[in-house]
Amino acid sequence: MLAHIIQNLPQVLIDGLTLGVVYAVVAIGYTMVYGILELINFAHGDVFMTGAYIGATILFLLMGFGLLSSLPALIVFLIVIILAGTVTGMLGVGIERVAYRPLRRKNAPKLIALITSIGISFVLEDAVRFIAELKTGNYIITAPSMFNHKFNIDIHHVLPFFNNATFQASFLLVLVVTIIMLISLDLFVNKTKWGMAMRAVAQDRDTASLMTINVNRVISVTFFIGSALGGATGVLFMIQYGTINPYIGFILGIKAFTAAVLGGIGNIRGAMFGGVMLGLLEMFAAANLSIITNGAMGAEYKDVFAFIILILVLIFKPEGLFGKAVVEKV
Amino acid sequence: MSAFFGKLMQSKKNQIILFIAYVVLAGAGLFLLPDSTIAFLMLLFSILILYHLNFNLRAKWISGIVILAIIMPFIASQSDSYQTYMEVGTLVGIYCAMALGLNIVVGFAGLLDLGFIAFFAVGAYSYAIFASEQASKFMPFGHYPLPGGSFWIFIIVGAAVAALFGILLGVPVLRVRGDYLAIVTLGFGEIIRILLNNMDHPINITNGSMGIASITPPNFFGISIGSSSQFYYIVFGIFLVVIYVVRKLENSKLGRSWKAVRDNEIAAQAMGIPLVKTKLAAFAIGASFSGMMGVVFAAKQMFVDATSFTYLESTMVLVMVILGGMGSVPGVILGAGVVIILRTQVLTNISNWLSSISADYGISIPPAISPEKMQLLIFGLLLIIFALYRTQGLIPHKNRKVNVEVLKKESAEAALAREKATSGGADS
Amino acid sequence: MKLKKIIPLLAVICLLLGVIGGCSSKSGGSSGKTVIEIGSQSPLSGGSATLGDAIRLGAELAISDQKAAFEKKGFTIKLKDLDDQGDPKKGVANAQILAADKNVLALVGHLNSGVAIPSSEVYEKNSLPMVSPATTATVVTDRKLKTVNRICARDDFQGPAGANYAIKTLKAKKIFVIQDKTAYGSGLADQFRNQAKKLGADIVGYEGITVGETDFNGVLSQAMTKKPDLIYFGGVYAEGGLIIKQARQKGFDGPIMGGDGLDSSSTVQIAGDAVKGVYLTSVAGDVTKTEKGQEFAKKYKEKFGKNVESYSAYGYDAAGVILKGLMKAIDDNDGKKPTREQVTKAIRAVKDYDGVTTKVSFDDKGDNKFAKVYIYNFDQAKYPPVQKAEISQ
Amino acid sequence: MNILEVKNLTKNFGGLTATSDITMNVEKNSITAVIGPNGAGKTTFFNMVTAVYKPTSGDILLNGKSLVGLKPHQVSQFGITRTFQNIRLFNEMTVLENVLVGMHQNLKSHWIGTLLQLPHIRKIEEAAKVEAYDILKYVGLEDYVNENAGNLAYGAQRRLEIGRAMAAKPKILLLDEPAAGMNPKETDRLTSLIHDLRTKLDVTIILIEHDMKLVMKISDYIYVLDHGELIASGKPDEIRTNKRVIEAYLGKGAVAND
């Protein structure tokens, strides 16, 4: 039994990492918005999905111009991911303007924004579906395959108790790009003026506005960055998994939200860590649960496994793994 | 115009006349145009009007019940769409009770719950398992399916089991705060759903993803209850009980404890309110409403499987609560009514109507964007619009006001009595 | 106070609207001919909308094909298509709407067994006959309702047929089964597994996945360590295509088998080249092989601008069966509009309907006697796949 | 007779010592003030007495029974109620409801009784409302019965908090800076209210306050904290002239120049 689990481990780690970094970047979108507005932005999963579709559109446009064959794949990829990220970022800013800012101005209860975010989520899903179906006849879109060179890690040779693991070039790409995004975001938030303003607004919106910080603009920037990251991840997702449909954002959104909470919501590094951890946990559970329970519980219980771990973490550390315990001043 | 109405609304007599006229008109509308959804909605709208009129409370309740339990079903029964209307009414009732349950958790006690549908599922499955052959697959004793008469007992059982699950959820949840709670409850809802969908092995308890079919319909003194119009009355009855319980609790000691915990946990504790017990009570009572309706749902559908209890359903119930107005009982009822009627009737009718006129006038719409597919899109847009223009909910919460004059009088009387007592004591 | 003033005004407006609305709903189809509507219920929005839409469009095509024939007899036939959203509650509410509309004499639907079962209770009460193009769960017809019919094969026919082929022809000995934990996927995979065990194969794993997810590497890693020589998947193309693709990426080059849920161009679109070596069982005959089928595909493409899916043909044939029964009922009723009971009986009595994918005659449960299972194989990344075998009951 | 005894009470937050080794004795039916500069550990002391914080070491005895290890609501049920430095009302509830919540631990009505509409439960609820009204009259808020507590003016909120605490019929009432942010007129009113409370309700009062005029006027006994340590205690007159107290308040230089 243990032998099976160990044999599998290298492959499970690689697969879990791939899924985990996707969760991580989407989780950052949740965590940033939450940190600043204390709002669970339910539409974020669908912003991610829209990003994937925008990326696909740009890719097909480039193909139409015949650029895909003449340019190196990496350049095409960079063009797509940057353009898609920008457009999605603007979409995020737009959503904030239309759906959240008016509520803030009216001093509405915090939870009412939940309704608009659910509304936005329905609208995005269907709008994307209609456009895609109108253009191509089918709303499921398959991207031209890129970066599908297969690598084989011959770990069995070195450490005989492991099986060999394989991955695709796209895995490396996803990993490298997300790491670059995460590091630059971390630098942005911790080292720049805008980042400082964001942290100030997150801490205390009223005081920040007294310190001549334009709170609305900071919130817009936050939405832009969060959504742009989400959109860029959508493109990565498309490249890694090849196929997108308008409903990918739903489950992924829930998972990413879970990851954000696991790491401590409002904390960017926590979201990164939570995402990777959730990805690894899920992959491990899917691969090994039925081995461990001798068939009584299979891979279908992986979410149960992940949620139970989350609940356990929250029971022992109610503020999440990286969150700071907020001691209420009495 | 408005002056005219102002005068009209001043006297109670005018209001009564006007209201009865409205009900008669709306009723006649439905009678003459039996398939008109709008006439049906108008009749329902009279309940909202009733709420806003300044009759005394008892008169409002009686007229509301008369309209919903006698006038509406009677007029609707003249039409082919009778069962359609009653189905909508039944669904509204089921979701109203559920939304009122969630309102206790979210609106009163201030605990955000994203997995509320789990309790509905638990109630539904508890009846489904024992009122079908399913129970005989794992129960060592007893004869299954249980007869339809057991339905009435199961309404209580469903409530109890759901309450138990509410407490089960509550225990781990109490340590976490605010929005962390949201994710824990979400996780709990998903865990329950996944378990229900997978418990067909090693022991077959829920029949897994195949669901449980052929559930025995309820039996009322030998009458087998199967149609929506019959379920309507069951649901209506439970709904009245639920609303009574909620209204009473809202202004009871427990209700005040919930609101105190919601407004300020630390101060509430300092006033001697036990946090754990209070929050668990909110979860348990809220869940029990859901569990009762779950039993009715299972009996009505005659089939349950895990697809009815997804995370999306939980958010829908939450939408009803927030949209209606958190903590506001009439608001939450209206919220549930609006969401259900929109989703099951109005949007379906609108899309049908759109596609029929486009067909009648030979407008060809590409199948990619045909109106039938637009229901969720329109629903999403409506949600956004509602939220933006009614930020406090459709009927915002108002605290119940006490009659100060009465208090003043009673206080004076009490003081007098005390004085008498002390002076009496001095005399002897 | 302000609100109270507005209410009467609102009431008046509502009343006016009500009158108008009532009138407009009455005015439909006043062209002098009697209107007969055929209902359709399938998910038109949500995750399985491709399949639901295919059913609806197939039915629509069948109706427009035969419109003229009914016009001659003085009837206008129309499709009344509703979106059940794959939600049992919505399905039942829609069923009530269809039942209330006296013009609706029969319906095509549903896609999901979970929606079909509670909705059919409503149809049964209203004697509204239903012909299902796609619900394969055994319990749908096992309840022996008079109104419930289906033209597709049951799980307990299709699953074992696949198992027989996998073990006898493909010589699979160690089989890894994956299913999507829906009524469809579970039912099929269970039947497959039972038959495979009976034939002496070793089921090395039996795992479930979550519909809507996209990364199945965990389950596949487990499969790889078990070294099966065939992977069976019970579910539809959205997850199936990805599983095929990811299994091949993991280096699995044995055969992968699935049910009619994979019988869609989308499987090829999603899996790409990886689809080579995939086998599937389907109740639909190869549309491109027969002349009738080719004509159907062409017409479908012309009318809707889309390629046919396997479910389009089912939808077309389900509607075809209904129209055949309806025509018979009209004739039996001396050319007058028949009652629902008459239509119910006429549909159940349909004999040897020759559709684009299948022949149809119903048995006493409402199952199709001619339901056949065909085995297909993708030998290149192109839809439709190549037909390998044909199995009758 | 001492109603409250505090023995060697110490609280550490991580490495930080908030209070160290405090010992106090509070006489029944007295008004005791705890004073000291900001950050002296006064509120921490209150928080330990009301079980919001658990002391690191030491003991708190109410009539000889230890309170350490109880839950906050249990402490309240033992008869210790408090107000808060930063007002903590139930903002979305009416003024009357706030007082009713204060009465909870003495209110013998169970929700099941409410549901069954048992007559004696109804009577209890009615009587409670009248009593709450009396309390509101007492703190001068009888005109705001149906107002939401969050909408009251600052001074009125302070008085409502005291009213709510009174409703609990405590043996010991802890007031955390009751006069903070009040104008002189309001403070005067508060002073007489506190005085009145003690005589009328037979309650022991411990208060934290910065307004020295008020403290000196009403306290029977004063404890002075600085940097978490008890530096002086005594009658108001003794404290007024205590060198260490002046030093703590005004800095070392002030005493040296003296």
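Letters A, B, C and D name the chains as they come in the text, with residue numbers starting at 1 for each one.
Everything that follows uses one rule, which is that contacts are C-beta pairs under 8 Å (C-beta built on N, C-alpha and C of every residue); 3 or more make two chains touch, one makes a residue touch a chain.
Chains and their UniProt names: A, B = Branched-chain amino acid transport system permease protein; C = Branched-chain amino acid transport system substrate-binding protein; D = Branched-chain amino acid transport system ATP-binding protein.
Note that the structure is predicted; figures quoted are calculated from it, not measured.
Engineer: With contacts defined as at the top, give the pair, B-D or B-C, that has more of them.
Structural biologist: B-C
Engineer: Chain with the smallest distance from its CA centroid to the overall CA centroid?
Structural biologist: Smallest centre-to-centre distance to the global C-alpha mean: chain B.
Engineer: Take the average of all CA coordinates in chain B, do the same for chain D, and state the distance between these two points in whole angstrom.
Structural biologist: 43
Engineer: Averaging only over C-alpha atoms, locate the centres of chain B and chain C and give their separation in whole Å.
Structural biologist: That gives a centre separation of 34 Å.
Engineer: Rounded to a whole Å, what is the gap between the Cα centroids of chain A and chain D?
Structural biologist: The separation of the two C-alpha centroids amounts to 49 Å.
Engineer: How many angstrom lie between the CA centroids of chain C and chain D, rounded to a whole number?
Structural biologist: Roughly 71 Å separates the two chain centres.
Engineer: Mark out which residues of chain D touch at least two other chains, giving numbers and ranges.
Structural biologist: In chain D, 52, 84 touch at least two other chains.
Engineer: Could you list which residues of chain B touch at least two other chains?
Structural biologist: Within chain B, residues 197-198, 266, 366, 373, 376 contact more than one other chain.
Engineer: Taking each residue of chain C in turn, which ones touch at least two of the other chains?
Structural biologist: In chain C, residues 45-46, 49, 181, 208, 305-306 touch at least two other chains, as defined above.
Engineer: Where on chain B is chain C touching in the complex?
Structural biologist: Against chain C, the touching part of chain B is residues 1-2, 5-6, 8-9, 18, 22, 25-26, 29, 32-33, 35-39, 41-42, 45, 49, 52-54, 79-84, 87-88, 91, 197-198, 208-211, 213-214, 226-228, 301-303, 305, 307-308, 343-345, 348, 351-353, 355-356, 359-360, 366-367, 370, 372-373, 375-376.
Engineer: Provide the residue numbers of chain B that touch chain D in the complex, in ascending order.
Structural biologist: Touch list, chain B to chain D: 244-245, 248-249, 252-257, 259-260, 262-264, 266-275, 281, 327, 397, 399, 401-402, 404, 407-408, 410-411, 414-415.
Engineer: Which residues of chain D touch chain B in the complex?
Structural biologist: Those in contact with chain B are residues 50, 52, 71-73, 76-77, 81-82, 84, 88-94, 96-97, 100-102, 104-105, 107, 109-111, 114-115, 117, 125-126, 129-130, 133-134, 137, 142, 145-146, 148, 164, 168.
Engineer: Touching residues of chain A toward chain C in the complex: what are they?
Structural biologist: Going by the criterion above, the answer is residues 4, 7-8, 11-12, 15-16, 18-19, 126, 129, 137-140, 142, 145, 150, 163, 166, 168, 237, 241-243, 245, 247-248, 250-251, 282-288, 290-291, 295, 298-300, 302-303.
Engineer: Give every residue of chain C touching chain B within the complex, in rising order.
Structural biologist: 3-5, 7-9, 11, 14-15, 17-19, 21-26, 28, 44-46, 49, 53, 56-57, 78, 80-83, 85-90, 92-94, 96-97, 99-102, 112-114, 117-118, 121-122, 125-126, 137, 139, 143, 181-183, 185-187, 208, 304-306
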